[in-house]
Amino acid sequence: MAQKMTAGKRIGMEVSIAVSYAVQLSRAEAIAAYPITPQTHIVEHLSSLVANGELEAEFITVESEHSAMSASIGSAAAGARTYTATSSQGLALMHEILFIASAMRFPIVMTVANRALSGPLSIWNDHGDIMAERDIGWIQVFVENGQEAFDHSIMAFKIAEDHRVLLPMIVNLDGFILSHVVESHQLLDQETVDRFLPPLVPYHRLDPAKPVTMGAFAMPELYTEMKMAHQMALTNSYGPILEVWREWGALTGRHYQPVETYRTEGAKVLLLIMGSLAEVAETAVDELQALGEPVGLVKLRLWRPFPFEELRKAVAGADLVLVCDRALSLGGGANPVLAEVRSALYPLAVRPQVLGYTVGLGGRDVQPADFIKLLRHGQAEAKQGPSQEFFMYGVRG
Amino acid sequence: MDKFGSAESTKFDTYASRMMPREEYFTSGHRSCQGCGEALAVRWVCKAIGKDTIIAHATGCMEIVSSAIPQTAWMHPWIHVAFENTSAVASGIDAALNILERKGKLKGPRPKVVAMGGDGGTSDIGLQALSGALERGHNFTYVCWDNEAYMNTGIQRSSATPFGAMTTTSPPGRRSIGQKTWKKDMVAIAVAHGIPYVATASPGYLFDLYFKIRKAIETPGPAYVHVLSVCPTGWRSATDLSVRLARLATETAVFPLYEVVEGRHRLTVEVPKLRPVKDYLKPQGRFRHLREPEIDFIQKQTLANYELLLQKCKSSFPEFAPIHLPQVG
Amino acid sequence: MSKSWDQWTWQEIEIGGVLTEPGSARAYNTGDWRSSRPMWDKKRCIKCGICWTVCPEAGISEEPDGYFDMNTYCKGCGICVKECVTGCISMVLEGE
């Protein structure tokens, strides 16, 4: 074990390690994980915590990610608090099981260290992996930095296990950019977390004393209604999510919102982004504001269920919104975040112009200067009427 | 035919039908075809595993006929997730039971864990998850319902389909004699994982099946039981012959009944005089197209495989590398 | 639930589609499928119970007098006829 955890003090550690401490503090009971860059440090550290008896849990070294998610369903169904982590190809391999995990309403918590999808093979960061899983019916959040990763990992268990929710949840953190970087974290002590997060009370459990059948199939007469129930569960999780975030805010002083804004008061042009690049964009916004330009930043935190109302409010005063996606929706008219934002704004009689950019694919670095260049490009395009459905920033050739 | 080796029949507690447990754990009302040999096997396996057992089941015939919302034929706690992952689901259940037991959260006896899957879900798409679960040494029993094809989707071939059999994806034709490859030996694969108990079983010998399952359940660590599941629909046989065909499979050495206890092979049903394989093939429409050369080949290969099995039964030391190693330090 | 399952509203479906009544399949009468049924000749039946053992449906039940007869679930497959030790079971067409 590398560090002793001390509440209150800020300690420098790799974000992956902080996440594994969050999982340890949450008293996860069953961890089924398969190694894939850049999630490896999380599961390695959890492994050593279990091996040293510092985390009372079963660590299942499954033989693939598909089996990781399957074993997670098994352990959740048997009534254990379940955690796993993956990235990129591993997440893609879990694909068919992800839909099942949420439809069967198991409160599994998963960290996705976002990484580009093959092909070509890339171990570096972008959001392509999770964007291929938009429709899996899980609650999904994005974090910006290590502290958020720690915080949201613990909160995820509380949200998922709430009997009003009972849905699995993904905490997205940027692979390498966050997972492998040393940041300063303020950890909590076990007592505090125990008070915040009581033991799991399963809703349905595989128990010979009270036998149930899980995973029966649905005839056409029932499938629609069952998917409606799933949709409503995800939609209605919104309230409990905010409740948990409020409670955390009161506990730690760190308050989280589904949509957060940075210097958007009076801003006519807005950048919109998710994940760690938000902090880079903030620097760009500072530089522009210093030049007297009314530019602000909208940071999307809650991805599913999508916060339509909050988003509409956040962009209400702007004329132009530049949505920066770290994923490409090949052959489509809009990248994932762009599509959701446009969709959210479409019903409004008065709405800002929305343009979209892909940035930072496959781990390409994005500097504040890039955001500024992108902004200039966007302003020009907006004036003359956009020449393309969306733009890929920074392509040579 | 000479008697080979020192194989002994298993000595059972009970041979009388009337003394077997009456409670049904796989209830009537399931929608299997008439005469389904697999359903018969499931009925008896569910009695053998006892009340305190959790079942993880793969997609397939038995899952579909028994679990259309809102009807379930299962009296056990039961979970179906997908086709190829039942061993992984069972691994998760086993791990959860470990931690819950350690933390004192289990009320009552620790349940047994049984994973069930068809031949497709075991030897094809499910092989990876099975291998992983066996290698990790989870405390569970895997039961394979081998009806020798993907029956639920309409009789397509699997790696368990016997040589020469007609299926919809191995149809006989001008350029084909049906299934081109010999049946994959899942028992050998399971034994190669160094697990303590592996067996074949069949609805032709229900007491043998019942007591093998009991043994498998009680064995700590992984156990694997391969059940020949006669399918009149897919095999094109008469519905009333399902038990008889299962018996013929053993009497012709096509499906010998044996168990492998820590690598030691032992026949549990001895057949003093084997019958010719064509006695087994003739009642099944899926072999109707076979001619002399194919039937001869099947006869020869069947006997050769049986010889190999008998040699394994005679062997003075088992080819066995156990996965459970004594705790060091 | 008095309502037929194909009329359930989404709110009426159990969370996760979990079925909480084990053995609810018994509500489905598979006996409607059969076109022939087994008939026991009690003069030759030795009450061994093999027919009960080999029925895939658990479609044979013991009577109070120790003899066996089909119950409502019998699908008419005929396995019991073939496996009966004394040959005292025969298949007859339904309705005869």
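In this document, chain identifiers A, B and C correspond to the written order of the chains, with residue numbering beginning at 1 in each.
The criterion applied here is as follows: contacts are C-beta pairs under 8 Å (C-beta built on N, C-alpha and C of every residue); 3 or more make two chains touch, one makes a residue touch a chain.
Keep in mind that what you see is a predicted model, and the values were worked out from it rather than measured.
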Label of the chain whose CA centroid is most distant from the centroid of subunit C: A
Pair joined by more contacting C-beta pairs (B-C or A-B): A-B
Centroid distance [mean C-alpha coordinates] between subunit C and subunit A, Å: 52
Subunit B and subunit C, separation of their C-alpha mean positions in angstrom: 24
Intercentroid distance (Cα basis), subunit B paired with subunit A, Å: 43
Overlap residues in subunit C, where contacts from two or more other chains coincide: 5, 13, 17, 19, 22
Residues of subunit B engaged with two or more neighbouring chains: 67, 69-70, 72, 74-76
Contacts with 2+ other chains: residues of subunit A: 104, 211-216, 218-219, 222
Interfacial residue positions of subunit C with respect to subunit B in the complex: 1, 5, 13, 17, 19, 21-30, 33-34, 47-50, 52-59, 71, 73, 75-79, 81-83, 91
Interfacial residue positions of subunit B with respect to subunit C in the complex: 16-18, 20, 24, 26-32, 34-37, 39-40, 43, 66-67, 69-76, 203, 206, 232, 238-244
Residue ranges of subunit A in contact with subunit B within the complex: 29-30, 32, 56-58, 60-64, 66-68, 70-80, 82, 96-97, 100, 104, 205-219, 222
Residue ranges of subunit A in contact with subunit C within the complex: 103-106, 166, 203-204, 211-216, 218-219, 221-222, 225-226, 228-229, 232
Residues of subunit C touching subunit A in the complex: 5-6, 8-11, 13, 15-20, 22
